[in-house]
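What follows is chain A paired twice: with chain B in the first complex and chain C in the second.
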Partner chain A sequence: MFHWLEQKPFFFAVVLFLTVAFAGFVTIVPDFAKQSQPTVGTKPYTVLELAGRQVYIKDSCNACHSQLIRPFKSETDRYGMYSLSGEYAYDRPFLWGSKRAGPDLMRVGNYRTTDWHENHMMNPSDVVPGTVMPKYPHQFTNMADLATAYANANTQKELFGVPYDTDGMPKLGSWAEAEAQAKEDAKLIASDMKNQSVKDAVANGQVPEIVALIAYLNSLK
Partner chain B sequence: MQSNAQLEYDYSIVKAFTFATILFGIIGMLVGVILSFQLAFPELNNLAGEYGTFGRLRPLHTNGVAFGFTLSGIFATWYYVGQRTLKMSLNESKFLMTVAKLHFGLYFITILLAVVTFLMGFTTSKEYAELEWPLDLLVVVWWVLWGVAMFGMIGMRRERTIYVAIWYYMSSFLAIAMLYLFNNMEVPTFLWSGDAPSSLMHSVSMYAGSNDASVQWWYGHNAVAFVFTAPIIGMIYYFLPKESGQNIFSYKLSLLSFWGLMFVYLWAGGHHLLYSTVPDWMQTMGSTMSVVLILPSWGSAINMLLTMKGEWQQLQTSPLIKFMILASTFYMLSTIEGPIQAIKSVNAIAHFTDWIPGHVHDGVLGWVGFMTMASLFHMAPRMFKREIYSKSLMETQFWLQTVGIVFYFTSMWIAGITQGMMWRAYDEYGSLLYSFIDTVEVLHPYYTIRAVGGLFYLVGFFIFAYNIYKTATAGRVLDKEPANASPMAS
Partner chain C sequence: MKKMVIGGIILIVALMAGTYFVAGDAFQSDDYINTLTMIGALAIIAITIFTVLKYVNQIKNDTASGELVDENWDGIGEYTNAIPSGWGIIFIGTIIWMFWYFFVGYPTNQFSQIGQYNEEVLENNAKFKSVWENPTDETLKAMGESVFLVQCAPCHGVDAEGINGKAQNLTHRMSKEQVLSVIQNGQQKLGYPMGAMPPMMAQGADAEAIATYIAGGMKGEAPVAFAACASCHGADGKGMNGMSPNIAEYDEKLVTKVLEHGKKGVIGTMPSFKGRLNPTQEKAVASFLTSIKAGE
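This part shows the complex of A and B:
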């Protein structure tokens, strides 16, 4: 049979493709629907949080930080309750990471505060001597992309049925409403910060990346 | 085949991809060395503002070496091995020649655009699939062009039976096509922006959470399989017998390893998700199949080693054979190490630590890098019709890079296991013994050794680039093509 196949490239390719494709089909398809059910209490991200999540991705924070707490005592003691599948139901993309050059951030919102992040992102070794983390001063001057964050949320709502604008869930509304709301949320974050240029920017209706990022990190619980 | 005497193979595309292999190799490895020094000396992160941080550079490194260096090497050897084992020449068909030229041009542009967009921070965050949607579409175009060239060349063949090397290149084309399409299912957000002036580059994944992770590591693990494994085995199946003048030891072993690898590899992606929130049975499946994977992997490697049966003295006389045999040996090391890490109890310690990059690099530096460079060394005298410029430079390169690899993986083994053990250490009162920063500071010496190892490998790669350049421009001209052992000036 093999010798015959080796002389018939078309059939060879067909058999080869089926052999290769088989495993993916069998392992991924069966539990697909079940895995995407949100846990009770899990909410989609607000526009400001999503803008922060985009900053997290832009600077590839996931290259060094995981967001996945494994069910071991040493991990739950260090990071909190182990992860449940439904907690990730609104994570597009998932940000589990694959390497911990730094600690896990799955529930960082439970034990770090806005001012801690502010100091840490500006110069990590001020807060954690011996750290290998880069400084991120550019996040204090670059502006977050709220428009793309809104488009991101709106795509998820319209295409994937993410329950924005439903009872007890974050309100999305129109772009104008969402932008105004995100800027209000940003003011709350900025009121806990001390960097004057960030405070001024937020007062003038701008949202520096650091503000959005902190909003996102605070939402991780 | 009697008509071979007149068949003049066309190497223009091979030469173009060889150039790309060297260029992207230098970029990708240089960035890798910078990253490794950044972990040892974090001040190096902020030399170029936001564009020089570890996070921005890391996708540039991984994509640069995987889809720049390795893929160029795969394409270069494909257009060489393809023509020769199928007994056809690209210059026999204007159409295929045009397709191949377009393939190179679009590929080259894509990789250059990848460098720019990664530095600007456009990334989907999914490992080895970081390119944003416009570039994904470009990738699809040249991937299809490669397929057209491949099946076009196969259609024109004069040799009835398709050789083992070709099976592996075919598998690479088919599997990556499937994996890439499914893993990059994403929607550009500007299409549903609801009047907001959204960025044109941004997209959102069609899968969420655990599903996204399942698909990503089904892709991520098998992108490794079908870029770093299958086509490289294809290379060694052609270049080792050619260079050594030995027949492949066993056809049956080739069959077993090929079909075994094709069937088993795709199950193993689950080992990246052990103790995560994907279904438990899927994790167990991934773990089990990873161990089964030793069989087809070692099957190929043993087939290669036994091909040298009775001819081991060639290891003394030819640095080229030495590169290939060491590549094969590193393949064995890497494919026993991977299954060990995939056992759940080992993975509990190894996952998230530096043992994982350690494992990746003994595979890619030792196996992929060595085999790709050996293939280019073998092709150089044939396509430039000149003797290899310097054997002693090859020897220097070989030892420098081998020492570099050993520095790399030994330091990362120690670093990974140290960190994994410290994360789970408790004191007598039942409290965690170390804070996270303790487990970072302890790694400094290992990060430094790793960076030096990487630097050795990079210097070796510069020697390689120089040697190939001199071969192309200043090597002694050959009057006829060498049959087996590649001629080299001392």
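This part shows the complex of A and C:
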């Protein structure tokens, strides 16, 4: 019955490949498409948070910290609810990480606060004796790169359809609007901080890296 | 032919004897899995040898016959024989199985990570409940200490003294600075039945005197102005049975309120622990905190 097919090995191989590929396609893609929808309540990052995210990447926090809580009782006791794939819908790039020299940070915003981060980033062993986490005092003097963060957000909006400027989602607007908003957000963070030079910088319309980073860490919930 | 059968039987016996010699004591154990494995191993030996014998025999004696198909591949032909009925049955069987698996087997039995997690949580909660059914003061305190070390020590310090003013010193109720700030600004954060604490209940030297008195642990004579506070916090400062915060010492009510609502004060911000600790754990932390005092 299939002699005509058996005589054409190349054609046969292609048809076989297509058949198997189709089976894979219909089993994987619909599920994947469903899982990668943003979960209810997941919002894109504001410009200030994105600037903090860039500090996080630049200073290689993801080399020691994961952002992925696995569904084990021991992990959910320590960090909170396990991670869902839809929660990463606006993470570009994602920062799952593959090494935990330090704790997971997926929901650190729930159980750490601005003033604690301020103390901890300046000198981790002040608050956690014996920690191997390095100090990051330069974040208190370096300024965050809001322009790149805005470009990043705008690209995501234009290219990937990330829903900035829609109902209930963060406002992006023009660069001038976004910059002003980011500086407003920075003032809120700085009001909970103690470091005088950081407070002065924010009052002068500058945004030190530490402020952006804390905004980002506080947004991790 | 006979030689082969006899050889085969000798081989079976030899292999079985060898197996028994190496792993025979598995029969002695009362774990039936070992016995089952041994019997399985023996069956595999027997079946393998008989099958091999059968096919060796067939290769020796059979001759090819039947009708050839038209084409051949470099001189290798193919007969148009029907497939063996056993294969046919298995083939149809797999098709039936496919439908079962697609519609029943996979949907109802598929592995779920989350399902496994939920089972783990249920099991854990049941165990927790049975172990902590009737906790004594001692076990509660021990549990509270371990919860404290994991959840609270990064801010309050392993000695609970607040790491040089970075968070509340839990071996001491409140500092003068804290009380003064509350008197000046009022406070509405903890969700006590009495609601908000109004600002400016006392001023100037009165406020100073009150703050010194409270920070000192409310010992000795109360300043006259404290009367303004006593109407809500009670003359002893203990909060009139949970209507307002106990400002004389830590109690369970205060700890659970802080854990539920978090707190923002002059020192900094304490996050809410709502949903992160269960009621027994909250009680345990409270009993640990009420048991520690400065210098102990």
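Heads up, the rule we're going with is that the second predicted complex is superposed on the first by the 188 of 221 C-alpha atoms of A that agree within 3 Å, B and C clash if a C-alpha of one lies under 4 Å from a C-alpha of the other, contacts with A are read in each partner's own complex, and residues count from 1 in each chain.
Assume a residue touches a chain if its C-beta (ideal position, glycine included) is under 8 Å from a C-beta of that chain, and two chains touch if they have at least 3 such contacts.
Because the structure is a prediction, the values reported are computed rather than measured.
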Exercise for the section: Check whether A:A89 is in contact with chain B, with chain C, with both or with neither, and answer first, second, both or neither. Expected result: first
Practice task
May I ask you to decide whether A:T19 touches chain B, chain C, both, or neither, giving the answer as first, second, both or neither?
Solution key: first
Practice task
Kindly classify A:Q7 by the partners it touches after superposition: chain B alone (first), chain C alone (second), both, or neither?
Solution key: both
Practice task
Please work out whether A:P71 is in contact with chain B alone, chain C alone, both, or neither, and reply first, second, both or neither.
Solution key: both
Exercise for the section: Once the structures are superposed on A, label A:V128 by its partner contacts, choosing first (chain B), second (chain C), both or neither. Expected result: both
Completion exercise
chain A contact check, chain B vs chain C, more residues touched by chain B
Practice task
List the residues of chain A that touch chain B in one complex and chain C in the other.
Solution key: 3, 7, 71-72, 78, 128-129
Exercise for the section: State the interface residues of chain A toward chain B in the complex, per the touch definition above. Expected result: 2-3, 6-7, 9, 12-13, 16-17, 19-24, 27-28, 30-32, 35-36, 54, 57-64, 66, 68, 70-72, 74-75, 77-78, 83-103, 125, 128-136, 138, 142, 145-148, 150-152, 154-156, 158-160, 174-175, 178-179
Exercise for the section: Could you pull out which chain A residues touch chain C in their complex? Expected result: 3, 7, 71-73, 76, 78, 80, 82, 110-116, 119, 126-129, 192
Fill in the blank from the handout: In the complex, the residues of chain B that touch chain A are 38-39, 42, 45-46, 49-50, 53-56, 58-59, 121-127, 151, 154-155, 160-162, 167, 170-171, 174-175, 178, 182, 187, 189-199, 202, 204-216, 218, 255, 259, 262-267, 269-270, 272, 275-279, 282, 285-286, 289, 348, 351-354, 356-357, 423-426, 431-432, 436-437, 440-441, 447
Fill in the blank from the handout: Touching chain A in the complex, chain C uses residues 69-71, 113-114, 116-117, 120-121, 124, 150-151, 154-155, 157-158, 163, 166-167, 267-271, 273, 276
